[in-house]
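The letters A, B, C and D name the chains in turn, as written, and every chain counts its residues from 1.
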Amino acid sequence: MIVVMKQGASQAQIDHMVERVQSLGLKPHVLVGVERTVIAAIGQERPEQKEALESGSGVAEVLPILAPYKMASVEVKRDRTVIRAGSLEVGGARVGVIAGPCSVESQQQILDCAHAVKSAGATALRGGAFKPRTSPYSFQGLKEQGLKFLAAAREATGLAVVTEVMATEDVSLVSEYADVLQVGARNMQNYRLLEAVGKSPRAVLLKRGPSATMEELLLAAEYILDAGNPNVMLCERGIRTFEAHTRFTLPLASVAYLHAKTHLPVVVDPSHGTGHTYLVPDMAVASVAAGADGLILEVHPDPEKAMSDGYQSLNFEQFANTIARCRKVATALDRVM
Amino acid sequence: MIVVMKQGASQAQIDHMVERVQSLGLKPHVLVGVERTVIAAIGQERPEQKEALESGSGVAEVLPILAPYKMASVEVKRDRTVIRAGSLEVGGARVGVIAGPCSVESQQQILDCAHAVKSAGATALRGGAFKPRTSPYSFQGLKEQGLKFLAAAREATGLAVVTEVMATEDVSLVSEYADVLQVGARNMQNYRLLEAVGKSPRAVLLKRGPSATMEELLLAAEYILDAGNPNVMLCERGIRTFEAHTRFTLPLASVAYLHAKTHLPVVVDPSHGTGHTYLVPDMAVASVAAGADGLILEVHPDPEKAMSDGYQSLNFEQFANTIARCRKVATALDRVM
Amino acid sequence: MIVVMKQGASQAQIDHMVERVQSLGLKPHVLVGVERTVIAAIGQERPEQKEALESGSGVAEVLPILAPYKMASVEVKRDRTVIRAGSLEVGGARVGVIAGPCSVESQQQILDCAHAVKSAGATALRGGAFKPRTSPYSFQGLKEQGLKFLAAAREATGLAVVTEVMATEDVSLVSEYADVLQVGARNMQNYRLLEAVGKSPRAVLLKRGPSATMEELLLAAEYILDAGNPNVMLCERGIRTFEAHTRFTLPLASVAYLHAKTHLPVVVDPSHGTGHTYLVPDMAVASVAAGADGLILEVHPDPEKAMSDGYQSLNFEQFANTIARCRKVATALDRVM
Amino acid sequence: MIVVMKQGASQAQIDHMVERVQSLGLKPHVLVGVERTVIAAIGQERPEQKEALESGSGVAEVLPILAPYKMASVEVKRDRTVIRAGSLEVGGARVGVIAGPCSVESQQQILDCAHAVKSAGATALRGGAFKPRTSPYSFQGLKEQGLKFLAAAREATGLAVVTEVMATEDVSLVSEYADVLQVGARNMQNYRLLEAVGKSPRAVLLKRGPSATMEELLLAAEYILDAGNPNVMLCERGIRTFEAHTRFTLPLASVAYLHAKTHLPVVVDPSHGTGHTYLVPDMAVASVAAGADGLILEVHPDPEKAMSDGYQSLNFEQFANTIARCRKVATALDRVM
């Protein structure tokens, strides 16, 4: 931690901060500069220390040196985490492909989807049974019935099931049916839910909140890891910016950044990340080129009739074409898909 | 709803969309323009309709005409909602002042705070017992013990208690002790929690998520209203932008905007909205001038030793001075404080 | 400057950076931490140094300690700069009020405006003669003719004239007619223009670019100061964020922040800062409460017929009412208006 | 244009707006809805009309239907524009590669760069002679001397020269030496400069401003096209968002979006778009996969010693490896590189 004093900070203020640094268990080094003094605080950093030092009188700024996440960090575990959940593998040479409708709408719909996406190359099936919706008046999902339809589709196709869990009280129910529990973007900092999925035996797909920093995303993952579940895949699904021609802005540099900071695999969601069907294929291909460990894509038999997210869903043909192009890129870059 | 067709959309595509509009229970009017055709869809709009129309072939854009929230809208209820919860009133002529520490740390700390903020003009006491923290390694709050300390402080001072509830399973417990349930920014779209507080008899302070649009905030309020609780106060606490010299960017135009769109009262949080003690007083004064129905401020007996948020907390003297300045502005603008 | 090495950086990398620090004229202090090493580089910081150190091998991050602007900084000049340009004063006890139409449209229009805003309390007249417009097909201003109309309005009312200059080749022409040269938001980093107005004898109103950081704004001011012109007033006019209910997001915390960092006065523009007439009055009042040294407001005799920006212009009555409310707040806070 | 009236707008207000619509040369259609009335205004839309209608009394919103740019639009010219400037081609099957140092530093440096990037596959040489710098105290470029060094490097290698022009007064000078004039991000809305390069015989590389919308970018291009220069390549170089782990956020969906809206070619700049050398290669590969017509990359013989932008420059080996990977992806997707 580096405590930067204000220009003109008094000796008493400096002395006081030196004491504060010591009282937090860190070792202070005072460096008197040309224009101001800084105190380097050497030792094991903890998030509270920064907060505690920032409010000191005469302090201009406190600059942390270490990342606040530990278990998620490459500095703690250098080899990449490979997650296997039924038919799905992410984090190794193979690019995982999770595909399916936004919402499970009927047994037939999810079965059709499962067969179609599998034959086009998907390695897992997605579908929402519990749906978080911005408006209380929108379709909220088929709930347990939807989970049963998903399980039946797995039975029929062998595809692992990825589905969202919205609340702690549903974790055990959803864990009965799902192979991977999805924590949605709106719940990325719902800490009770993170702790609850951290105690589940299922792998977790943790979506980045639309205004979450990378550090917040990794700290959210840290909650899950800390609760005992090592199988966390991170999902970049776009951030909120001033851009209005896409629903969210999809920053693919997240993939390389996360690969440099964490051993956890990174999945990209070009459906939410663009919000428009016509932009999804190119961004799916670009995601693979950017090094994504997996893709998650919304696919619907008839997007125009979808009960949710039709405007960003691919139909079966579009999905098959997209995967074919992704596969070419994966192969060119010595990956498997 | 206005369905804008792409330039060069075929007659078949236009006819198809006319049918789609009818099938959704809306009445289509086709307007053939110089460069493209638009279909006005007249009737009762619902959020699903926009989604359903957007995915149509040949459609360039769908422009909604009505706000998707109803119960929160001034178009449904024109007179301002005044909320009274113990000593706190917001929404009327009086500017409510909710003040206290970020976290309840001890009986003494919260009692000292309560006395100090009351004597300086606060009309309610804030303090966190359940703390959502970005890092799993940070202090997580005293939980029920903290609630008891808050209740004791209310006993001693008569100040209403405002405190956060993080999870559905805690709503009834927190409702036993609190006068106002706070839903934090990270939980603004935790719909289960919104439904649960919507069934509580307590008033709710709903904080805007850092990347929530006004529409999303009002739809979150709509969840609570729709569940049966009419006492929702909205809280502007800053948004996430590229600005790094403040923790969040506090957009005070939200106050006038919300007053034009909703009958619900609007509280402003200059502590989180700036993230730095030295910026809080001016922004508190500006919030009152901007028409805020209330303020929520972090106050700590010794910010440097606070277990959380010390860098943005006022000490007792700073708080008293800030309220004195706010009161002058309120008086000048014919409000009571 | 603090050079933070990567965890596991080799001794050779550390030694190399120590040399690099020395070669830049700074004195290195190596601090070996528990998890990584940092090198404090003490001396006179310059922007190039940060860049030069960041690309070093084994370097994780370079944290600057000093602000890169000098002449604009309170650390160099502690007393506030008061700027006087004809009838306009900003930076002292009096709140300056610059008002008038977006564009000068005719002699009559600008004269009517000048009389109306003066009688309501304006201390300077604004009006665009050279108009930067997003579309090449929009009205581009009356150019020199507009400047003459402005000068005639000054003649008639005594109000100082504030008007935009868009290009270096126009600086001397505009300087002949104007009391204050406005550098628009789109030109905040047009460095040639900054240098040119820096050589003009006129005061400068420098508008913040919609995505400029505070540091970039102050460095833009530094260009003008460095060219020899000490009379720079900074103007907060809103930033671009994800918010779509306002044209820009107006962050009033900029005022207190800038007052803490620079001696230059700060003017706020609630017209561009909100983009909607109905939001302007409350934000003007809030700006005064936030400590603004001046306001700049768009006023038009008949906003509905304005050739530009009618949607965010006040008519004469709205302006007079707004100033009356601002004045009450100014008085309550011991300022003059 | 769709004029949406407020709920409860009076008949007089509606009648007034119908007249306003007619007076602007548009044909009004009044549609009385369940909750409010909208007036569709059919005819040739112009930007001023929206502004003129928005300020009308009783108007809630004005929704434009047509894009405000014309010459840049695919609706006006359907076949893609292919630009050839010496050795550089963008917009056809071949992916253009513009590479070189941020700043021209010496004859040797630019010659070395030119040879190295050419042999690795670059089709044009970049290098700044006039440098817009955030701080007045940073290196500002070698100016005409730098242009001469660039021309000499073209002589030696055959590579077309791409270099920035910062001011109208330099356009003819830079046009003498350069094959492509770059308009930098900070100058995207410097309209005089756009007009000046619009009159030059050289092709133009127009960089997106960091907070420019796609519409603003296309309107900036429209200024150049309207001035008579059809050879405009657009450049996505990242936008300013809350993300701090990259210097800018690079939204690759811009490529597919722009390809759907305009016939102009799209170049991507992963150097500025990420701001960190280690993120550049993956984002370059992803840009090609996303369909970019060209790349522009910063390459320096010894990034650690670069006079600017060293932290985001590739060295020769990194560049060669990056291009080799890009080429594999291009080939896989049936493009040439």
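The rule is simple: a contact is a pair of C-beta atoms (placed from the backbone, for glycine too) under 8 Å apart; a residue touches a chain by one contact, two chains touch by 3 or more.
Keep in mind that what you see is a predicted model, and the values were worked out from it rather than measured.
The interface with the greater number of C-beta contacts, when A-C is set against C-D, is C-D. With centres defined as mean CA coordinates, chain C is found 38 Å away from chain A. Separating the centre of chain B from that of chain C, both taken as means of CA atoms, is a distance of 31 Å. Work out the mean CA point of chain C and of chain D, and you get 26 Å between them. Annotation for chain B: residues 211, 239-242, 244 touch two or more other chains. Contact topology of the protein chains: fully connected, every pair of chains touching.
Only residues 211, 213-215, 239, 241-246, 249-253, 255-257, 260, 273-274, 278-279, 282-283, 285-291, 325, 328-329, 331-333 of chain A touch chain D when the two sit together in their complex. Remark: chain D residues 2, 4, 7-8, 29, 31-36, 38, 40, 42-44, 63, 65-66, 75, 240-242, 244 touch chain B in the complex. Taken in their complex, chain D has these residues touching chain C: 20, 46-48, 51-52, 54-57, 68-69, 132-139, 166-169, 186-187, 189-192, 209-211, 216, 219, 222-223, 226, 239-240, 277, 303-311, 313.
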